[in-house]
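First chain written, first letter: the chains are A, B, C, D and E, and each begins at residue 1.
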Amino acid sequence: MAVLEAKDVSMYFGELAALKEINLSVEQGEILGLIGPNGAGKTTFFNCATGFLTCTRGDIFFKGQNITRVPGHRVCHIGICRTFQIVQSFSEMTVLENVMMGAFCRHPNTSNSMHSAQDILDFTGLADKRDQIAGSLTLADQKRIELARTIATEPDLILLDEVMAGLNPAETEEAIELIKKIHQKGLTIIVVEHVMEVIMNISHRIAVFDSGELIVEGPPEKIVRDERVIQAYLGEEYHA
Amino acid sequence: MQNDKNFYIIFSIILIFMAVAPLVIQNTHFQHLLIMLLLFATLSQAWNLIGGYAGQVSFGHAVFFGIGSYAAMAPLTHWGLTPWVGMLIGGVVAIIVALIIGVPVFRLKGHYFAISTFAVAEVVRELFTNWEWVDGPIGLDAPVLEQGFYNLMFYKNKLPYLYIVLVFFFIMMLLTFRMERTRMGYYFRAIKQRPEAAQAMGVHISKYKQYALMMSAFFTAICGALYGLYILHIEPATVLSLDISIKIVLITALGGTGALWGPLLGSIILIPLQEYSRIWLGGTGKGIDLILLGALIVLICIYEPRGIVGLLKRFNFQKGKN
Amino acid sequence: MDVTIFLQLVISGLLIGFVFSLIAVGLTLIWGVMDILNFAHGDFLMLAMFSAFLMFANLGVDPVFSLPVIVGLLFFVGLLTFRLVIKPVLGYHALIALLATFGLSIFIRNVVLFFLGPDFRVINQSVLAGKRISFLGLHLSLPQLVSAIGCVLITYVVYLFISKSKFGRALRATALDKDTALLMGINTNRVFALTFGLGAACVGAAGGFLVNFYYVFPEVGLNFAILSFVIVALGGFGNIGGAFLAGILVGLVENIGGFFVGPEFKYTLVFILYLIVISLRPKGLFGW
Amino acid sequence: MLKVNDISVRYDLISVLDNVSFLVEEGQFVAIVGANSAGKTTILKTLSALVSAFQGTIEFFNERIDHLPPYEIAAKGISHVPEGRRIFDKLTIKENLLVGAHVRDDQQDVLETLEEMYALFPILKQRQTQKGETLSGGERQQLAIARGLMAKPRLLMLDEPSLGLSPILSNKVIHTCEEIRRKGTTILIVEQKVTEVLKLVDRGYVLQRGQIIMEGKGEELLESDLIRKAYLGL
Amino acid sequence: MKKSIILALFLILLLGISSAVSAAEEVEVALLYPLSGPLTEAGKRMKSVYEVAAEVINGSYDIQGVPYAKSEGIPGLNGAKITVKFYDTQGSPEVGKAETERILQEGTAKLIIGAYQSAVSKPTSFVAERHKFPFLCAVSSSAALTERGLKYFFRVAPTDFHDSRMFFNFLDDMRKQGKKVENVAIVYEKTEFGVHAMKEVKKRVDESKGIYQVVADVPYAFKSTDVNAEVLKIKAAKPDVIIHATLFSEMTLFAKTYENLGVKSNANLSFCGGYQNPKFASQLKDTVEGYMGSCTFAEDFIRKKAQLKTINEMYKAKTGMNLDGIAMEGFTTLFVAVDAFSRAKATDPESVTQALRTTELVIATLPGKGVKFDENGQNIWIDSTMSQIQKGEYKVVWPSDWATTAMVWPMRP
């Protein structure tokens, strides 16, 4: 069954079309990679799927339920959670408190939330930094906090917006491991990423956006050979 | 955040002090000072909920303050209704008003929000100034009724006022302290820091801002009622004035916004400073007391821009190092 | 309805509106660039008016001629304020800057009270005083007319300066992103200081004009300051054109609305106007 | 021309840079590569005095600049294109460029440079009257670099110009740097795209946890085992 | 943290103790006036006049018609000196109330005199009433103050009632002389003072049974930046007479705007307030030529009562201004206090209050016979006159037995 399904989704900002009739679905347990040049509409798609924006036309379904007009804060309770392109950790809170913020979604009680958050910290390898102030940590750790916070909401689907951007190879490696680990828990994942090695490595399927349109989708091997993708995105070098 | 045990110890010391000091020093003016100090600490803490924790700086809290004092005083003067009921009415009306103004105002950001709250306050003040039932600009005087808790009137003794204010202060502090530890407290701080991320975590932002404003409005109204009943005379020019709104903000800013002890520290500094500079230097008609007050406020800002809470933290930090 | 009265209302509204504009322009500069609400803005106005008055009373300099000196003086006051009060609190919670300027406001007002006393004073024998132009039953008081024209001119000059000059560009860049402006070789502290000076100079000019037809006393600035806060927000923070038009709008609403609805409601109308505008355009009429 | 001696930087007692020294000769294209939290951005920020070092000296044309404020360093001819572009959203593109030339006095000269930039980045000329916020990511990066060049700097410092750009754009940006160098501007670049950058540069430094662990010619570094292991996954 | 808070609490405690210490040997009178804030100007004038009054009482001056001037100190208390101590209300009821409580707490004052605004006199006198402590009000004009049935409250000044009655007697008189005065515009600030004053005016208009009409009812916001809308509203109504209740310096603004916008009326009458401030006449000169207002004292009175010159000189030496009505009311009030102390031969609150209740002080400082209080504490021997600004000076022009100068009518030829 499709976890998330977009049907003819279009998004206009005034005259400008950010998304044009996107049809895309993600199956249960899949990792879908989303690539495309800057301004292609990837983040806009995320925003529509998570209720931060309401798309101009079309519908979005989550497990068969129409969530097109569900407001952003409800989406999390339904079971979708996202990260942000630019790190958005609660910089004045401790790591534990950051993750608790996610856990509150399922555990309104503070101490339950704390226990749940502690489990997630162990799972994501942040346990030893639990009482540090999030703002004082490195970018990699802050991104990890965001991931931890996201899974603390106990979602079925997570949308990761450039979680690797700005990480070095070693850190990227760790992040990939973590994403795979999260995937093993049974979560469905959509990843936006520029680092090609990463996206090829983890995605089961890749969808390519260009100027608001979905130009191609399919398994990674197919994508790297597609002429239109190479022209729009990868450039000639990758062709070789 | 404070650790729990520490909080209870400090808090008990303060409460005991506030309760016992006026018994030791039988000076009504000193009692007056403590009453004002506690009243403004409570008020500022109420403001702190929305302005400090949830980060929405309001310059219009006089609205709730005024509503509270009018709700207690008007039924008392017109019908002799016990102010306790009036107080409750005031709190409820303030919550309703908070609901009404919250919807449009929370769409605004930063200064636009602040100026809007101020504009709302000015409009409400004008409404009261032209409202015949509450005697317009003349204001209301408490009728001379029998003393006692039923009428909340004590003519010669100030101690009952002091203890009533102390009780409200106690409730306010405890509530804030508990709130810091609940989901709501975390949500407030999250909204202040990263509204978008908070939304992604499932926080209904405008709802929680609304909660913060409603709680804040309720307690501000209660304080307004106490103020009216204590001063026994209210008029739009005082209880609905910008002065009140600003004073609340300043006390919190001075002590430290979004900090549990900020409001109390702020009023411990500002209220005695105001009272005693007037007592010692006022009466000359030359404003020396206010020159001093202004200069001191500026100096505090320059030398301790983090608020008094910041000063204490730094003090503790350095001590810890040694 | 008498047409002359209506026209007179429009004229009076415009005349006072231009003065509001200039005061608001001074405020919006500081507010827009530094994100600091200067509570002492009204007291700057009062300082300007008192200086003009003192120069008139003690040296016999007509307020029309003392204007450049007043502007220069207030520019200096602005610089000084920035150095002594604002600079130390930059980068901390915005409320601290607010608190500092609030303290400054109390301080300035009472120092003036201490030295000059609480009396109100009026300049009544200046070049412009008492003269007026009358036609078709309409009256334009010359001091107000000259002030209005002066305020428009100065506002326009400031606008040109900000939008065309190199410094203006640097100022806007600093307002947008202080660190990057530093990397561009802009001495941002100097920009801040000059902006504060410029803002104070604007309000100084307004005070220099105002003194021709308004009374002076230590508390005179408060009412103008409160109105200018609303005007700035109405026009959109940091937007000079916005402050200018909003100032005129407020002048008109206050006069025409005050006449038809009742003078005691004239400021209420201004606040209601603000609330309506802001609920339609959450960043003011011309906000970013 | 630029000589960095033993600088160390701390944030809140945590060491970010530890005795970093390096050299940039006139006309060279120099890269500092390293992991994200290695301190690359901090080096550039220290050079332009946004961050102050508690130890060490920085010399620019044999003159110490480590105690100057940022704006004076810019006036000395060091232009810093910050991480994340940081263009002025509400200024027009032309104004953005002119702000870049703030340190220069001769306005006639500035206008000439402006034309040069338009020649180098034609898209900017087309959109010169539009606000910065209307630009896309790649255009922003072009504007940021052009703005940096407007100062006619003796040294251009670029902080991760490829960050957040698609592969095709990031390559284009890096090659633009090469072109700029060919026209005679010294460039110090901080990058994570190790392969692409090291192919082009004259000299590279590898930074790890605040320390320089390797240095050498670009090609040499590419060949080294350390780099190949850590950054290329080979 | 803990230590710091305890330290702060300790400091507060110290403040509490230190402020409790105070001592006095003479008969002290506490005065509550706004000595900072927007009404400082008025407060300072009051302060000066009380200092003059104390000097006159304590020293030996030969002023005919003013008892207690010749003798040194208070006769009934073996010549004990009177001292005046000032407390700042900042023009705020809250501060006023706090200061009153402080006065009572300190316990050195034997009587309270105050305050300036009615809005402050009200709560402060309530405090005194509850402590059964005598409170003398010098200048607050709200008629409501003496309609509250207080037992320890006395007022020397005429009220809005007296003033409005005097205005309409005056207008009646003018009408009899064939002058046009029927259309009245009323202008008042939307404060306790303005609203009260105009309530009285409206009562008088109602009592006239249609002779007078209010053609323009113009309340305005206190502290206005301009008054164009207000003045145009008046202009549109074309009134014969404008009546003002303007406490503040806005009176200046009104006068200028009337001039600028060419408003013509036969007369412009003012309740006490902005009009009475001598600066109003001296600074605005021609602009305010012909303005009229209620007046309990002006320099012009000295022409009729030459003996008051001494007092005016002393006051002028202190302030550079001539005495005005408000100041003279203050001056007289201190004499009422001295009279009460002297007759009571004691200073305890009960005796002093008792003496005040039976006051029958004949004193030549104010229009009317002197001071005698009715059961509500209102002075019933007080009267008021009409003054007019002529060439920058206040001249008494009505009623005829007080008038020194001929009236200019209409105010602008």
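The rule we apply is simple: a residue touches a chain if its C-beta (ideal position, glycine included) is under 8 Å from a C-beta of that chain, and two chains touch if they have at least 3 such contacts.
Just so you know, these numbers come straight off a predicted model, no measurement behind them.
Just how many steps, at minimum, does a route from chain B to chain C need if it may pass only between touching chains?
Counted as steps through touching chains, the separation is 1.
Quickly list, by label, the chains bordering both chain D and chain E.
C
Name the chain whose C-alpha centroid is farthest from the C-alpha centroid of chain A.
E
Between chain C and chain E, what distance separates the C-alpha centroids? Give it in angstrom.
36
Quick check: how many Å separate the C-alpha centres of chain A and chain C?
A distance of 50 Å separates the two centres.
Compute the distance, rounded to whole Å, between the mean C-alpha positions of chain A and chain E.
For chain A versus chain E, the centre distance works out to 75 Å.
Could you tell me which residues belong to chain C and also touch two or more other chains?
110, 113, 118, 264, 267
In chain B, which residues are in touch with two or more of the other chains?
Answer for chain B, listing residues that touch two or more other chains: 129-130, 285, 287, 290.
Output every touching chain pair, sorted by label.
In this structure, the chains touch in these pairs: A-B, A-D, B-C, B-E, C-D, C-E.
Using the touch definition up top, name the residues of chain C that touch chain E in the complex.
Per the stated touch rule, the residues are 2, 5, 8-9, 12-13, 16, 20, 110, 113, 117-122, 124, 130, 132, 134, 139, 141, 144, 213-215, 217-219, 222-224, 227, 254-259, 262-264, 266-267.
Mind listing the chain B positions that touch chain E in their complex?
Residue list for chain B touching chain E: 6, 9-10, 13-14, 17, 21, 25, 27-30, 32-34, 36-37, 129-130, 136-139, 141, 144, 155-156, 158, 231-233, 235, 237-238, 261, 265, 268-269, 272, 275-276, 278-279, 282-285, 287, 289-290, 312, 315-316.
State the interface residues of chain C toward chain D in the complex, per the touch definition above.
Answer in residue numbers: 166, 169-170, 172-173, 176-177, 179-188, 288.
Provide the residue numbers of chain E that touch chain C in the complex, in ascending order.
Of all residues in chain E, those touching chain C are 36-38, 40-41, 43-44, 190, 218-221, 223-230, 232-233, 235-236, 249, 252-253, 256, 259-262, 279, 283-287.
Can you check the complex and tell me which residues of chain A touch chain D?
On the chain A side, the touching residues are 36-39, 85, 136, 138-140, 162, 165-171, 194, 196-197, 232-235, 237-238.
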